[in-house]
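Please go over the structures that come below.
Look for chain A in each of the two complexes below; its partner is chain B in the first and chain C in the second.
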Partner chain A sequence: MSSLHGFTRDSVVALSAALAEPDWLLAKRLEAFTAFEQTPYPDTRSDEDWRRCDLRRIDFDALADIATPNGATASAVTAADDAVGTATFVDGTLVGSRLNAELAAQGVVLTSLHQALPSHGELIRTHFMTHCVQPGEGKFTLLHAAFFNQGLFCYVPRGVQVDGALLAQVELGGGSLLHHSLIIVDDGARLSLVEEYRSAADVTGLSVPITEIIAGRDAQVVYAGVQEWGPKVYEVGVKRVLAGPGAQVSLCTGNLGGKLSKEFIGAALAGSGSSVDLLGISFPAAGQHLDQTTVQDHRVANCHSNLRFLGAVGDKGRSVFRGVISVHPEAQQTDAYQKNENLLLGDKARADSMPVLEILADDVKCSHGASLSHLDNEIVFYLMSRGLPRGEAQRMMVAGFFEPVIEQVPVESVRARLQHAVAQRIDNLAASHGGLL
Partner chain B sequence: MARPVNAETDQHDELRALRGDYAEKYGFHDDRVNVFETKRGLTEDIVREISAIKDEPAWMLEKRLEGLRHFLATPMPNWGGDLTGINFDEITYYVKASAQAETAWEDVPDDIKRTFDRLGVPEAERSALLGGVGAQYDSEVVYHSLKAQWEEQGVLFLSPEEAVQNHPDLVQEHFGKIIPYADNKFAALNTAVWSGGSFIYVPPGVHVDIPLQAYFRINTANAGQFERTLIIADEGSFVHYVEGCTAPIYSKDSLHSAVVEIVVKRGARVRYSTIQNWSNNVYNLVTKRAVAYADATMEWVDANLGSKLTMKYPAVVMLEPGAHGEVLSIAFAGAGQHQDAGSKMVHAAPNTTSRIISKSISKDGGRSTYRGLCKVYPGCTGVKANVVCDALLLDDKARSDTYPYMEVEEKQVDIGHEASVSRVGEEQLFYLMSRGLDEDAAIGMIVNGFIEPIVKELPMEYAVEMNRLIELQMEGSVG
Partner chain C sequence: MADMATLVIDDLHVSIGDKPILKGLSLTMKQGERHVLMGANGSGKSTLAYALMGHPSYDVTSGSVTLDGEDLLALEPNERAKLGLFLAFQNPKEIPGVSVSNFLRQAAQSVRGEKISLRDFSRSMSANMKQLDMKPEFARRYLNDGFSGGERKRCEMLQLLTLAPRIAILDETDSGLDIQMRQLVADVVLAQHERTGFLVVTHYEDVVQQMQPDYVHIMTDGRIQMTGGIELAERLTAEKSWDWVAEEA
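Coming up: the complex of A and B.
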């Protein structure tokens, strides 16, 4: 595969040819590219979703080398032996995968989108960027639809229960990576899946990922997506679940790395009786800007959604949370909750929180809460009175702050890594403050 | 003389008597020939004309022209409510109904007096519950009085025009300093064409312990009312200012766009209460802001019941340590109404505190929106701020939105926000009905309970009026 420079029509055609795509997929890319060219980048002064996110910091032209394999192999990524299946992507190419034989025999698929095209072409055509996330939503969804790399395809057939969790690892060696994850959990099926995004510390890159989770009737899905990009990676991504009737979904995001990251995280409650939990942690420090926009989109009656986003902000870190509970006129008996908690730890830290309710039905129970505060000195004092040194007590409190969300991540080794990543940030922060927070 | 609070039967009779609709109670209009009105539309000539009528000094005209230039250069806001119905060319910007402001009620022209009599304004003054009254009819203040005891202590309660003539230093020091003409399009418009309003100065240490009242009335169709209010509470003083507003129901829309600036100096306290009951064809686009210095307290009590669209976010900018800001807000949106109300709390000094309590009710397709900002600047340690907003939806056509913004740039703070949206609880309703109340009365009782925490903060006269107005709004909410 040759290297592709620039977000151009030639790149679209070359990428599609290199991936040996069917005509319909190339046509879809080209349609998106045409619209991409006609759509301006979001106006960060007037567009509410972008108002607090300075896109001028991203040099799109310089980053427009579409990631292609550069000789890196899966060895760069830690193997997770507690997952029942893994798929590893390096620079937009599947470099290795394994799946428990019993699951494979039941029809479970864990591979790349392109490898699944021959066997599951119709399923992909039905669900890939059609009704969960649509190309025309904005500049970046169009960019993604035109230039997506070889992404993840995971399918769990009707009624199949996946015990244990699957793990997808995504690594970026440089340039632009547009990783797509299409996760389809059919009626009555069950799946736990974790996606991890990483890059080495010296990598400069742009990531424009989209994760689509389609949960069928009474399906049960636990998903966690964790990004630990290096400090020179910029990201604009979408994660969304489309919940069918009676589906129960938990979508958890860990937003830790990157220089600037803007994620749109959404739950579309499209089937009666569905229930979605949205959970998130973020911990910007050292000049990082981590920005999360969530939507709990209640389209039909009798659904339940619950959101909990926890953010700590270290020195010169900036955190933005904007969450919307949107209740359509038909969505009676909606029960929705939203909570955003922020812990301000660093100097020159800034946190913006905008929890929004838009309610067009009357028979609903919707509420939200948001808080921005510092470590509670009374609790610190209590822990010190039990013999802990001050620094230790503070560390314990910050770690404990994140625990309610981290404990929801289904893979033990990923949980441990998240706890480690949080601990490391606390240590770095404490080190620059003379051991105390 | 105060109305006996516990004479419940009297109050019930009164309430029953009041259960007409808005058209009967407030919606009448007087067929009178105005003393003067400007041509429709807004031009530099009109601004100069208004300034000339008021015989203003050059510096005020200059401010007006600056405001006009900014107004013309600024696009309409693209957020909040639907402003497309406003046609700036159709509005009459200045309407004068009476030759001058009177200080004796008897001297006010009869038809105008009748209007305010029907609205119960002088009655309130006669009953000695108020320290002073101002009444504004269209563009001009027609009546002003201040009780002698406050006058003796140096309290000023004037129309801003009088203040410009007699106290130019005070006006120049503060006018447009808290809300500059460039703050927003409607503040610019007000700066250009302002007329009427109140000017209040309370000297150091003076406690005006009964409220000052102003009553605003738009009578002319398609008129704009642009009153300008400036309140200066000097160190350690206290004043409570209460305003009410109504208008007749015309087929064409009117525009009310006030600017209210308040300075609360060290240790002073100002409470500003509004019962906004414009008819449902008034665009109510108001900018209200106070600055609070060390240990000062600013309280906005804001009830929005009328208007077609209200966009109003009373603000407190806390400039020195110990300042406290508070907003208690009620909004009621019925058919065809959009109440886009809220508050801004700007913490610009350490150890400042603020509290916002907002209650909104929507029915018959009405839309109520809470929009608020809590901002903490770097270095403002020890800030505590809390926001609670609750919304009640009375039927399936109503809509409620909540848009709080929290921007915090300092770690040593405690900021909390909670909001809930719900309908009238079936269980509460069932319980009350099982005790013999009909559905109408039961819902009325639940609504009254819902807004009680704010109504109880109003002076008694106004609390009663508030409850009456809610009754009016609730009329026929069942079946």
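Coming up: the complex of A and C.
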């Protein structure tokens, strides 16, 4: 892998040159870099968003090898063949993509940001880190805006319906990966897209991804992001949807891998009548710290958001959930719900759950709830009495714990991927505990 | 049937915590026989059921239980199930996220120790559900989640039909059911009685009449005090009390 070392101005310039970027993009990077340098890392003692997330565990300097395009191939990655289109990224480079010809003929695009620049430059310039996620939101969004790699660009033109799911696979071989996904679903269009993030077990790395989903008027979007990094990867990421009038969006995240992961997952309900489901599953095992902050940002009236995040926590694993419902003064007739449920698998499993309601309108319906539970021994006995060995009974219960969220994902192939990912986590956990959870 | 399974309970003592509940219970039953167990609340009927299945909270302090000579008490609940023992629960637990069909297929595979194709399984499941007058949608629902009392009991009967045990204990499966549902439970027992030995814990004489048991056992204070035929159940109904059992035992 060829790479640039260090989060420096020189690296910004060299990366932009290696990617043959237009001037405006280099200028945008440099502007972000200047602000990055002037912005301190979040104070994990005083900043509520970061209070339980120990950033000192991340050696940013050591991990600051930024991959540049180097002719890597997709040999290591096998693309699923049930998707109607796939794009595979290895260390920040698009190494292969394929799209159903009929969709391509209708103007659907599934490629890298940089390959799309010549044909869709204006669209990218309009939407790339401008109004969904902005560079200046914090230290890591600035870092991302200065050093982002060749990310995903997916566009579905007005009124085009994508049947079946598109799949983007993102693989990290080491160093820093700042994968950007810009997904634009135009007015009345429909899209289902899955992103999978993976690395080999022995890879040490830093991932600072941002996914921006722009859903136009009455657009229908199903997005699932499944993070299955190896155990030595650190991540600070943002996934956010900007929902236009009448848009219906289901944003599902599987936060499963990594050593320390801090994810900001949000929906900005910016168009009247929009509706967003935020679905989340997470499953930290021993030594993993998975930290999620969600924001249901109701900016206008008559919108609906429903969040359900489920977390199973293996022994010595740690999960943190902070769920914000923010209702702006003009966002009357808001319906917003939030539910976080945690299943602790072991005496040393720990889950923190903090709801935050910031409601500035008076005619709204909002509620939140959180729960903590353990595997119920009476249920284990019940299942065993039907012939299931103890370990299998427990696995069935943990898989079942996630099912109420997975079954809400409206696309069969996406559900199957999530179920598969959960099953693998359960297998791994069971394997390290002699078959029992 | 050539090799009729035999369950032998000999001088069984069971405690919950420090409290002795079963105080020397003995009972022998064979596959193909129908036994009814009646007794006052608190006499230990459910304790017997749970202890036989191997619930960890029920401490067997002495005595033995064998199924075809094999020591049941040394086995985990799933191993007992594999040997052909089944317990229909009085209050089966809700298991959100686990569908009835998925659960039943895995259970059937575990008990039989072999893979069952989805096609074969679906076919036999449909037939069993039809026998129990259950709608096909039921298979996709989460196990006992939001089920009515009657649906839970029906689901227990569906499990019984699916797993085809050699010995089945029905722990007041008929409690809280209307007369029509009680008839359904009795019908299952009658339909299965040739391949399964039943130990039916019940308070209802009508259920006893419908099942036509080979034996009726009356239990008080942790022991079987009296064994006879259907006339014992009739006498209970007539006496409306348990006092005569203690006097005559």
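A few notes on this one:
By our rule, the second predicted complex is superposed on the first by the 401 of 437 C-alpha atoms of A that agree within 3 Å, B and C clash if a C-alpha of one lies under 4 Å from a C-alpha of the other, contacts with A are read in each partner's own complex, and residues count from 1 in each chain.
Note that a contact is a pair of C-beta atoms (placed from the backbone, for glycine too) under 8 Å apart; a residue touches a chain by one contact, two chains touch by 3 or more.
No experiment lies behind these values; they were computed from the predicted model shown.
In this superposed model built on chain A, chain B and chain C occupy separate space and fit side by side.
In the superposed model, A:G6 lies in contact with neither chain B nor chain C.
Of the two partner chains placed around the shared chain by superposition, chain C is the only one that A:E403 touches, whereas chain B remains out of contact. In the superposed model, A:S373 makes contact with chain B only, not with chain C.
In the superposed pair of complexes, A:G107 makes contact with neither chain B nor chain C. Between chain B and chain C, B contacts the larger number of chain A residues.
In the superposition on chain A, A:G136 makes contact with neither chain B nor chain C. In the superposition on chain A, A:R386 contacts chain C only, with no contact to chain B. Once both structures are fitted on chain A, no C-alpha atom of chain B lies closer than 16 Å to one of chain C. In the superposition on chain A, no chain A position is in contact with chain B in one complex as well as with chain C in the other. Contact residues of chain C toward chain A in the complex are 53-56, 76-78, 80-82, 86-87, 89, 92-93, 95-98, 103, 106-108, 110-111, 142, 159, 163.
Residues of chain A that touch chain C in their complex: 376-379, 381-390, 392-393, 396-397, 399-404.
Residue ranges on chain B touching chain A, taken from their complex, read 78-79, 378, 391, 393-423. Residues of chain A that touch chain B in their complex: 46, 48, 313, 329, 332, 342, 344-374.
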